[in-house]
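Next come two complexes built around chain A: one with chain B, the other with chain C.
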Partner chain A sequence: MLGFIGRRLAVAIPTLLLVSVLMFGLQQFLPGDPAVALAGEENNPEVIAHLREKYQFDKPWPVQYARWLSAFVAGDFGTSVRTRLPIREMVIDKLPVTIELATLSMLVALAVGIPAGVIAALRRGGVTDYAVSVVGLAGLSIPSFWLGIMLILAFSVGLGWLPSGGYVPVSESIVGNLRSMLLPAVVLGTAATAVIMRHTRSAMLTVLKQDFVRTARAKGLRERLVIARHALRNGLIPVVTLATLEFGHLLSGAVLTEQVFGIPGFGKMIVDGVFGRDYAVVQAVVIVAAAIFLLMSLVADLAYMALNPRLRA
Partner chain B sequence: MTAWRRLIREPAAIAGGAIVLLFVILAVFAPLIAPYDPTASDWLVVREGPSLAHPFGTDDLGRDVLSRVIYGARASLAAGCISVVVAMLLGIPLGLVAGYFGGVADVIISRLTDALLACPFLVLAIALAAFLGPSLENAMIAIGISAMPIFTRLTRGQTLAVRTEDYIQAVIGQGVAAPRILFAHVLPNVLPPIVVQATLTTAVAVLAEASLAFLGLGQAPPAPSWGSMLDAARQFLVDAPWMAVWPGVAIVAVVVGFNLLGDALNDVLNPRA
Partner chain C sequence: MRKRWSTLIAALLASAAWAGAADAAALRVGIQDDPDALDPAVSGTYAGRFVFAAMCDKLVDIAPDLTIVPQLATDWTWAPDQKSITFNLRPGVKFHDGTPFDAEAVKFNIERMTTMKDSRRKAELSAVAGVTVLSPTQVRLDLKEPFAPLLSVLSDRAGMMVSTKAGDDFANAPVCAGPYKFVERKARDLIRLEKFADYWDAKSYGYDQVVYYYISDSTVRLARVRAGDLDIAERVAPTDLKTVRDDRNLKLHSAPGLAVSHLMVNVGAGEKANTPLGKDARLRRAFELAIDRNAINKVAFNGEYTADNQMIPPSDPFYSKDNPAPKRDVEAAKKLIREAGMTTVPVELTFENALTDSRVAQIVQSMAKEAGFDVKLQPLETATAIQRYLAGNFEMYIGNWSGRGDPDPTLYAFFACNGGQNVNKYCNKELEGVLNAARAEGDMPKRKALYAKATGMYLTDLPTIPIYHPNWFFAARSAVDGLAVYPDGLLRLKGVKPAG
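And then the complex of A and B:
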C-alpha cells in the first residue's frame, strides 16, 4: 500500500509542478508591468522599484519562477493586490466554506443518487427506470447557476422558506448555516446526483447478473437481503470511487454556485480575483484546486483498493 | 447497415438532432425569425410581462426577451462548436504524435495532458479567460484549451491500439512518411470515438460558454448571450422573473440536444462501449 502511495505521489508531484509552470507562464503573457499592478493606486516610483526588486521582476523568467515556486512551496502564495492580505490566509479562510458546501452537495447526491439508481436497476425498462434516465439527463444538462436562480425564485422569492443568499458560519448558528447552505447544496449536488444515479444503475445491473446473486436467491434468501447484503455491497464499490472523484469536480461547480448565492468561498475567490485583476490569487486557486483534485484521485484509488478484497492482497 | 442508417433509427438521435437543428435554424435565420432588434431598447415597455406583442416579456432596458433568446443561439452555438474545433485541432495531433511515436514525445505530451486534466475544467477556463481578457472569442479559446486534453488522451489511446494493426504496419513497411500515415491511415480509424466525444464535449462547451458569460467573461453587452441575460435577470427576480426563465430553458434544450445526439452516436459507433 505504501509503495502504491509513493508511486502515485511520484507522478502527482511533477504533474503539480507542470500546473505551476503553466500558471506562472500565463502571467508572462499579461500586458503591463506586474510591479505597477502590484503597487496599485500607490503610484510611487520608489514603491514600484522596491516591488520590482523584491519579486525580481527584472530577472529572467526561470529565475522569477524559481523564486516564486520556492516561496509557494514554503506556503507564501503572495499578497492579494485587491485585499492586501496574504493569499495563504485567504485560502485558509475560504477553503473550508467550499469544502462544507461540496460535502453537503455530495451528501445530497449520495442520498438521492444511490437509491434512485438501485430502484432504476431493479425495475429495468419500467416507468421508474425511464424517469430516472430522464432526470439523469436533465441533471447533467441544467446549468447550475440557472437552477440556483430558479430555486431562489421558488423557495426564497415565492414561498419565502429559505434565504436567497448569504452565508451563516457554523460558529454563529448551526441551523442558520444549514438554512443558508441547503439550496446551494442541492444546486451543486444536482449534476453529481445524475452521475451517481447513472453509475449506480449500471453497476447494479452488472452485479445483479452475477453468479453470487443467483446463489443467494437460490438459497432462498429474501430479495431485500439479496439486494442489501450481496448486490449493493459489491455494486457500490465503483460508486464510492466515482463519488470521491466527483468531490474533486464539485470544486469546479462551486464557482458558479457560490457566485449565485453570494457564498464567500474558494470559488468566489477566483471570480473576485479575476475581476480585481488579482492574478496571483487566480494562480493560487488553480494550483490548490489541482492539488486537491490529484489528492482526491489518490483517495479514490485507495478507497477502491480498500473496498475491493481482490486488490487488497 | 451503415452507421448513418442505424443513427436515424435511434429515437434519441432523432430527438437530439431535431433540437440541435431547430437552434441552428434559429441562429442562422435570426434576423428573419426574431420579431424585434435584440439590442433595441423601448423605454415604454421596460420589464413588461409576457404579452402577445412580447411573448417572453421584456428586460430591464425594454428589449424583447424572445428576440434576445433567438439571437443568443448564435453566441451559444458558435462558442460550443468553435471551442470544440479548437480543442480538436490542438488535441488530436498531439494525441496522434504521442500514441504513434511514443518515447520522449509521449512522455512530454502525456504529462502536459495530466497537468491540464488535474485543473478543474471550469476553473481552468475561467483562469484562461481572465488572462486572455473578457470577450466571446477569448471564451472560445479558453474553453477549447481546457477541453483539449480530453481529445489528446482519447486520440493517444486509440492510436496506441491502431498502431499495431497489420494495415498500419504494412504502410510503415512501404516507407510512407509519418505525417501521411498519421493523417491518412491512423486518423480515419480512430475517428468514431472522437466524433462521439466531440458531440458530448459540445454540450459541455455550451454550458461553459453560458457560465463564462454569466460571470462576465463572455460575449460583451449589448450583444445577446444566454449566460449574460441570466446574470442581468438576477437583479430583477422579484419584479421580472420571466427574464430568468427563457434563456435558461434555451441552454437546457441545446445541451440536452447535444447530449442525446452524443449518447445515440456512442450506441451506433461504439456498440461495445
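And then the complex of A and C:
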C-alpha cells in the first residue's frame, strides 16, 4: 500500500512540472501585452516600459519560467502584478474556502444522489424512475448562474431566510458559515447530484442482476438488508471513484457559483487572473489545482481498493 | 420533531438579526471591479478611485456641478501670469498614522507622484516645475507653462495626499488623510475601512465602518441590496432600474456621468487607416448620419443614458450647445457616399466583447447597413482589444473613455497631435492650437469659447463619432440617508448616515 502511494507521488512530481511548463508556455501565446493590460487607460509608454521591465515580461519565457520555478519551489509564489498582494497569502486565504464549498456540495450531491439513484433502480421503469431521470437531466442542464440567481431571489430577497451571498469564516461563526454556504453548495452540488444519481442507478441495476444478490434473496434475507448490505455496497464502488474525481471538477467548476454568491474562493482568482493577464496568479492557482486533482485521483484509487478487497493484494 | 425544527429555524433567524445589529454602523457597498494597487500614485482603475474617495483626501475636490471646492487646501491664488498657484492648507490635519499634514507633505507627495518609477500621475502633473514650501500651511506649485486644468487634476488621484512615511509596500496598507482609514483587504473579496477619529470633519460622517465588497455581476449586486445584505450597489444596469424603482425598500440615486462611448475611426495609424472611412471625412459624416443615437440609447440602455454627439457630456459647463447632434438622415448619408464615388463602404468595427458594446455594435451595424455601410463586427477579449486599440490596429473601434472633470484631459488626449489617447493618429494643427490656448486660459468664459471652437472643429473632421454618455445609477437601501451621486461616479460619504 505504502509502495503504491509512494509510486503515485513520484509520478505526480513530473506531472506537475509538465503542467507548469505547459501553463507557462501557453500563457505566452495569449494575445495582449500584460504590461499594457496593467497600465490600463493611462497610455504612457514610459510607464508601460517600466512595468515590462519590473515584472520581467521582456525576458524570454524560459528565463521567466526558471526564475518562477526556483522561487515557487522555495515557497515564494510571487506578487500579483495588479493588486501587489502576495499570491501565497491569497492562495492560503482562498483555497480552504473553495475546498469547503466543494466538500459541502459533494455532501449535498451524495446525500441526494445516492438515495435517489437507488430508489430509481429499485423502481425501474416506474413513475419514480422517470421522475428521477427527468429531475436528474434538469440538474445537469440548468446553468448554475441562473439557478444561483433564482435561489437568491427566492430565499434571500423573497423569503429572507438566507444571506444573498458573501462568506462568513468558520472562525467567526459556524452557523453564519453554514448559512452563507447553503445556497452555493446546493447550486454547485446540483450537477454533481445528477451525475451521482445516474451512476448510482445504473450501478445498482447491474448489481441487482448479479448472482450473489439472488443468493442473498434466496437465503430469505429481508429485502432491505439485501439492498443495503449486499447490493448497495458493491454498487457504490464505481460511484465512490466517480465522486472523488467529481470533487476535482467541483473545485474547478466553483468559479460561476463563487461569482454569483460573491464567495472569495479559488475560482474567482483564476478568472480575474486570466483577464487581467496576472500570470503569476494564474500559474500558482493552476499548479495548486493540478496538485489537488492528482491527490484526489490517488484518494479515488485508495477508496476503490478499500471497497474492493480483490484489489488489495 | 416539528418543534425541534422550528426552534432551529428561530435560532438561525435570531443569529441573523444579531449579526445585522452588530453591523448597524457599517456601510456595505457592492462594487463592480476589484481595485488594483491601493496607491494613488500607481492606481489605474475606477474601482480604486471609488475606495480612495473615502480614504484619501485631496488638495481640492469637485462639487456636483464640477466646480472646484476646498478639501485639504482651504483656498488658493493663481499668480497673474498663471505660472504658479499658491495653496493655503487646512491646519491641524493628520494622516491616519498621526503624521501631521503640512506644506512639506504636499511637496513630498507631488515629488513622489512625479518621480516614482511606476507612477501613473507623471503625465497629469507634467506641467509642474517645482514645489516651494512657503510656511507649514502655505505651499506654491510652480508651472512650466500656464495650465488651467491643474486644479481639476488635483481633485483626483494626483491631488491625494499620502503620509510622508509612505514606503514601498504602501499599497498593502495605505495611509492617507481621509475620513476613513484602511483596516484590511481580502484580495478579490472586500476592503474594510473604519472611521478616522482625528479627521478634521469627522462629525459629518455617519458610519463607523465602510466595507466594499467586490461583486462583478450587476444583477447579483442588486439582488444583494434587495435582500438587505448590502446597503449600496454601484453601477446598476439600466435594464434593472425598473426593479429598483418598484422596490419600496430601495432608493435609486443617479447623476449624469462624464464618460463617453464613441466610434473611433483610424484616420492615420498604420495600414488600417487606408480605408475609405479613414481617408474621407464625408464618409465619416455619412456614418454619423446613418446611425440613430436615440434609438441606440433606447434599445441598448432602456433610454437611461444620454445620447449625444460630443466627447464632453451636456451636463458639463464646457458642453458646446452650438453643436447639437444631427438627426438620423439615411438619404443624406447615401448622398454623401455617392459623392465619395462609392455605393457600399466596407468597415471593420472592433470592440471589447462585453455585453453593452456587443449590443451597441450590432445596432450600429444594422443601422449603417441601410445607408450602404457593410460593417463587419470584430469582438475581442478585453486585453487583446486594448492592445489593438493602443497599437492603432483597427479600422473603427468602440472606445469607452471615463471622462474627467475638466475638458482638457479628454479633448487634449484625443485630439492633440501627440495626445495620450490619440491612437488613431488624427492631427489638425489648428485644432491643437485652440486646445493649447484653452489650456493656458484662466478666464472661464474665454476658455468656454475656445472649447466651443474646438468642438466645432473635431465634429467637422470626425476622427471619432461620440454616441452616448453613460449615467450613474446607484441602488441604496432606504435606510441610507444623505447619499448624493457626483458626475465622476465616486461615492463621497460626507453627510451619509443611517436614516432615523
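Methods note: the second predicted complex is superposed on the first by the 269 of 313 C-alpha atoms of A that agree within 3 Å, B and C clash if a C-alpha of one lies under 4 Å from a C-alpha of the other, contacts with A are read in each partner's own complex, and residues count from 1 in each chain.
Following the convention adopted for this analysis, a contact is a pair of C-beta atoms (placed from the backbone, for glycine too) under 8 Å apart; a residue touches a chain by one contact, two chains touch by 3 or more.
Fair warning: this is a prediction, and the values are worked out from it, not measured in the lab.
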Which of chain B and chain C A:Ile152 touches, first, second, both or neither: both
Touching partner for A:Glu46 - first (chain B), second (chain C), both, neither: second
Which superposed partner A:Ala303 touches (first chain B, second chain C, both, neither): neither
Touched partner set for A:Ile99, first chain B, second chain C, both or neither: neither
Contacts of A:Leu295 with chain B and chain C, given as first, second, both or neither: neither
Which superposed partner A:Ser252 touches (first chain B, second chain C, both, neither): first
Contacts of A:Phe275 with chain B and chain C, given as first, second, both or neither: both
Partner chain(s) touched by A:Leu85 [first = chain B, second = chain C, both, neither]: second
Partner chain in contact with A:Val36 - chain B first, chain C second, else both or neither: second
Footprint overlap on chain A, where chain B in one structure and chain C in the other make contact: 30, 149, 152-153, 157, 164, 259-260, 275
Chain A-facing residues of chain C, complex: 11-13, 15-16, 19, 34-37, 39, 44-45, 117-120, 122-123, 169, 171-172, 185-190, 213-217, 219-220, 223-224, 226-229, 381-384, 386-387, 390, 401-402, 420-421, 423
Residues of chain A that touch chain B when the two form their complex: 11, 14-16, 18-19, 22-23, 26-27, 29-30, 137-138, 140-143, 145-146, 149-150, 152-153, 157, 164, 248-249, 251-253, 255-256, 259-260, 267, 270-271, 273-275, 279, 282-283, 285-286, 289-290, 293-294
In the complex with chain A, residue positions of chain B that touch it: 111-112, 114-116, 118-124, 126-131, 203, 207, 210-211, 214-217, 227, 230, 233-234, 237-238, 241, 244-245, 247-248, 251-252, 255-256, 259-260
Residues of chain A that touch chain C when the two form their complex: 30-34, 36-44, 46-47, 50-51, 54, 80, 82-85, 89-90, 93-94, 148-149, 152-153, 156-157, 160-161, 163-167, 173, 175-176, 179, 259-262, 264, 268-269, 272, 275-277
